[in-house]
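Given below, in the form of structure tokens, are the structures.
After this come two complexes, each holding chain A, first together with chain B and then together with chain C.
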Partner chain A sequence: MIELIPHIVNGLTLGLLFALIALGFTLIVGVMEVINLAHGALFALGAYLAMTTIGGDWFGSSEFGVWWRELPLSTRYALGVVAGPLLAASVGMVLELCLRPTYGKPPLYGLLLTFGAALVIEELIRLIWGTGEQSLAVPRALNGAFFMGGLIFSTYKFFAAGFAIVAIGLVWLFLERTPYGATIKAGAHDSEMVRALGYDLSKLRLLVFGFGAALAALAGVVMAPIWGLRPHIGIDVIIPAFLIIVIGGVGSFWGAVLAALLVGLSVGITGAYAPAWSMLSMYLLLIAIVGFRSRGLLGRKSALEN
Partner chain B sequence: MRMITLSDIPARGGSPMTPAMALFMLALATAPFWLPAVGLYQYLGIEVAIWLIFALGFNLLFGYIGLHSFGHGAYLGIGAYAFGLFQQEIMVSLWGGLLAAILAASLAGAVVGAFLSHRRGIYYALMTIGFGQIVWFCAIKLHGVTGGEDGLLGIPRPDLVVGPIRYSLADNYSLYWFVAAILALVVVALWRLVNAPFGRVLQAIRQNETRARFVGYNVWLIKWLTFILSTAFAGLAGGLFSMAQEGAYPDVMSLHQSGLIVMMVLVGGGLVSFWGPVLGVILYFVARDIIGGVTETWLLWFGLMFVIMVITRPEGLAGLLHVVGARLRKKSAPGAVPVRKEA
Partner chain C sequence: MSSSKFTRRGMLRSAAAVGGLAAFYGPWKHNRAYAQATDKPIRLGLTSDASGQYANSGASDRRGMLMAVAEANAAGGVLGRKIETVHLDTETTAATGSRVAERMITREECGFLVGAVSSGVANAISQVAQRYGVIYMNTNSSSPTESGENCHRVKFVWDGNGANFSKAAIKNSIDAYGGDFMLLTNDYVWGHDTARATRVLIDQYGGSVSDEILVPQGTRDFTAALLKIQQAKPNVVAAAVGGDDQIALRQQVAQLGMGDKIAWINNQQDWPDIYGLPADNLFGVFGTTWYYKLDLPGVKEFVGRYQAMYPETSMRVPGNVFYNGYMATKNLLEAIERAGTTNNIAVIKQLEGHVMSAESRMQHHDAVVDPNTHQVQQSIYLATGNPAPTEDDDLFKILTSSAPEDVRDQDSLGSCKLESYDDTPTFDA
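Moving on, here comes the complex of A and B:
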């Protein structure tokens, strides 16, 4: 049992990171009933943009560029963490504008449009940053490893997991404790009523999509030092995000967090016995859970079922 | 403007001899003669024909009964591996290999379909992704059986044996004729199927599953059978594909490829017309070769084209042709109501 502890810890951190990845996805599904297949591409885009901001290559050898590269890495990293998601959010908003003609049609069309957008973003990344594997620089304070109870743990993974907890908490507070969150949830529940009360629903949708894209990009920035950066990383990301919202139940915030922890734990624990097969466990978990509970753990009825 | 669907274009029961069918058969029979002349090559014809079998079978599920599978590449892959393993482990035989491919894929389809068939909508799509990923993952990890990420290499192209006649399929020219003949059979069979009462039931289930059940149809059974049928066609296509490639590789099973087949069927207008998948597959492969010859980032342009298509004309190419055709007919008919320019 004792030898399982590092795997359980690993699984829980992985689960928190999965929750971070799924956060923006579940927000957009829950509020707009759009399956955003471009989520993974936005994740990659955010990470690449943050990497470029941190490296400062695009500023060239101008005075600003030289000054920029002389800033301490931690400052540049902090700015990159902000800039990546902001830029990705603007891409997400453009995507929402493209999505408008698909509202009111079968959900398939939104899904297909975002699939096409994912292809386009992925190819753009390939065009701009090349196909090779790249890495995102991290400040020294976050690097390295530490010992605890005779076991070795990576500092960055703990930082990332802590970051995920903070992000999940903030998003929850935003949705539950602010008037904006109330409007967003009301828009998901009864869009006609929200419009009748004088709220600008199209602006709301634009903001929600931007917010979801920013969360995807944020997850990308945090995950990039762990998973590395490849143009097709989006597809590795969209799958766990998918599984998590299905297991958790479409539109349920805590369902998604719970499902992410379960998926992380199952991957972590099976990793102890059969490392090569550990990723399979999440699909088996999906079939086991959705086989018995058709709407996932905490799901409610959704227009997407028809 | 209201979107049109498959049910708006009247079914023509009885004879499959329609102008579209004649055009299709003509193109199929003459392709080897004009393909090189327009700057394309023989192998492309084989590839398109195989993907047409896959896409037409897939549209039975996607367009007709309205169940959105995003993991269908898995069954193409299973067919390909089954064909290859049959040649390598049991015996070199064309019919045996194709039969093994169809049986393996439809068996997998029967198991997966049993899990899926009481669902619809997004949960159906998500479950197909889940199962598709499991199959893809197993294909990569089971090195001993599938050769892992390298795939199964050196699958022979067995001779075609019909009674006393033996005909070699080793060159692409003769393989094309074989694949084209199978495709022709598949097209006629599927045409009869979707225009038979069975095809009408499929469309009824797409439009309103609950009502179809009240009318007395066993909806679960029909959904299950349709899934198996479409996986059988995928398996057949997979067997032919491994013969054409002389190998079976896991990449056809990836989510990416499964998404591409959905894209092809939709761009062509599989939701609107029986011939939609045909247009979509041809458009995809021609775009790949022509845009791909100009720029390496051809998927960027194809993706953009697809996005614009979904925004402006979600019924796809076939829908576009139908609308244009209907408008032209109205215009030329004497005394017809004048058609508004914009709509």
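Moving on, here comes the complex of A and C:
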């Protein structure tokens, strides 16, 4: 039993990271009913942008560039964590502008457009940063390991899990405790009424898409030191993110967090005791939950179920 | 007025006769010849991955093939004919590999196929190639089954395989660290075959395997496996994890500082998988077939030609994957020239048993295309991360160089059953 504890701890940290990955995806699906297949590409883009900011490659060998590279890594890392998501958010907003003609049409249009955008972003990454493996530098204080119960754990992974908790908390506060959050939720619930009350729905959608893209990019920045950084890394993100929002219930914030923790636990524990099943376990979890409760763990009840 | 009439019976007879002739002379039948014109370019189908787990290695593989083709064309072509290439993405997926091979042969009229990194993809391509008799150069997939139970008369394997690399590494590890092994295995054909070969060698040298962790392809978080390894405390971990999975594994082992706490054998280490990673990601010992800093004649010039042809490539020096792609293509074109024809059987006979000098291979020992398994028996190098690099790209420190006969994969000799020449469709490309 004691041997199981480190694997439960690992599963929970993994779950928190999955929650961070799914956060932007669930926001866009929940509010805009658009399955954003470019989520993974924005995840990768954010990580690349942060890497370039941290390395100071933007500024070349200019005086400012030299000064920048002399800054402590922790300062540049903190700026990279902010700059990557902000720049990716602006790309997300451009994508939302492109999506506008698809609103009100069958969902396939939005799917195809975001799929195309994912391919374009991935190719742009290849053109700008090359096809090879890159690494995102993290401050020395985060990059070591520590002993717990005679086992070595990664400091960075725990930092990333803590970061995920803070990010989840801040997003929740934003949605629940600010007027902007209230407007976003109202827009998701009844967009016609929100428009009738005089709110600019176009601006709202632009904000939500930008916010979702920034969250995707933030997840990329946090995950890159664990998963590595390559142009197609976004492919690794889309399936878990999609799975988590379906298990949690489409549009449910806490449903997504709960589902991510369950997925993390199932992958972490099967990874230790039946590792060949570790990837499959998340799909089995999906079948088990959706089989018994088609709207997911905390999904809203459909009108058809009444 | 003519007395001839179209009757239904006559029409049916004619249709049956035409159908029979078409079946007999059709493109899928033996002895087909669809490119007799000697001025027609020779078409090579490049079956390398441009997406999926081995996208990066696939690009490097392709660059190697293209440099060999460019050099051949600059020298006047082969048999006076220009070489043309067609590339389709095999997507690191076996099913796509089959489709690509089928299309390359039937629609693109490629007379030869070159390229692979994933063993699953290589196996799928070679099954299609054998059906049509099209020579296939498996450049970079290193599962022992490729020259063992999945060998084919048309397929030639240019990379060292898992058994070759394990053989070079395991005895040294048992002597140095002890005999308790744990296997960390990618859950697909190459991983399983390499692990099987590793087990046999561990038994042979008096060690034992305490556990095997199967890692599904696409795994990005190895913490569970790494915790389990720590709990089990083996003497040596023999990892057969490839592509992007291996990159993630390396980063996570480096983060935990486990690289020097446990003895690791990483089987083969493909250059594109580690290029650009921090130095502490290169832990343990691993195998390779070639390194750009080998102190041998021709190596510097080869690196110079690479840099001249690919000045924009972020990978500034060629690695083993590029090298295998180049060597396979170059030797295929030379075999056609020696055969004096593009007839597939004649070219196959030129390749079988062909001896390549150490100088031409830029390796320490002569190499030979084994006529029984079609695998190139070549020098195998054991390497580790370079603690004192002379330049940024000098990532490896070469520890040993083994002669082909010392690391020969004996199992494949028993399990490979090549199709007969008569059972292989013949044609001129």
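One rule holds for everything that comes next: the second predicted complex is superposed on the first by the 298 of 306 C-alpha atoms of A that agree within 3 Å, B and C clash if a C-alpha of one lies under 4 Å from a C-alpha of the other, contacts with A are read in each partner's own complex, and residues count from 1 in each chain.
One rule holds in what follows: contacts are C-beta pairs under 8 Å (C-beta built on N, C-alpha and C of every residue); 3 or more make two chains touch, one makes a residue touch a chain.
Please read these numbers as outputs of a predicted model, since none were measured by experiment.
With chain A as the common reference, the superposed partners chain B and chain C clash.
When the shared chain is aligned, chain C comes close enough to touch A:Glu133, but chain B does not.
In the superposition on chain A, contact is made by A:Asn10 with chain C only, not with chain B. Contact with neither chain B nor chain C is seen for A:His39 once the two complexes are overlaid on the shared chain.
In the superposition on chain A, A:Arg76 makes contact with neither chain B nor chain C.
After overlaying the two complexes on the shared chain, residue contacts for A:Met279 are found with chain B and with chain C alike.
It is stretch 21-29 of chain C, out of 3-11, 21-29 or 363-371, that runs into chain B when the two complexes are superposed.
In the superposition on chain A, the residues of chain A contacting both chain B and chain C are 276, 279-280.
By the touch rule above, chain C contacts chain A in their complex via residues 51-52, 55-56, 59, 187, 213-216, 218-221, 223-228, 230-231, 244, 247-248, 251-252, 255-258, 261, 272-278, 313-315.
On the side of chain A, the complex with chain B involves touching residues 35, 37, 98, 101-102, 105, 107-109, 111-113, 115-120, 122-124, 126-127, 235, 238-239, 242-243, 246, 250, 276-277, 279-280, 283-284, 286-287, 290-291, 294-295, 302, 304-306. Every residue of chain A that touches chain C in the complex is listed here, in rising order: 3, 6-7, 10, 13-14, 130-135, 143-145, 151-157, 225-228, 230, 232, 236, 267-272, 275-276, 278-280. Partner chain A is touched in their complex by these residues of chain B: 3, 68, 115, 118-123, 125-127, 129-131, 133-134, 137-138, 141, 254-256, 259, 262-263, 266, 297, 299-300, 302-304, 306-307, 310-312, 314.
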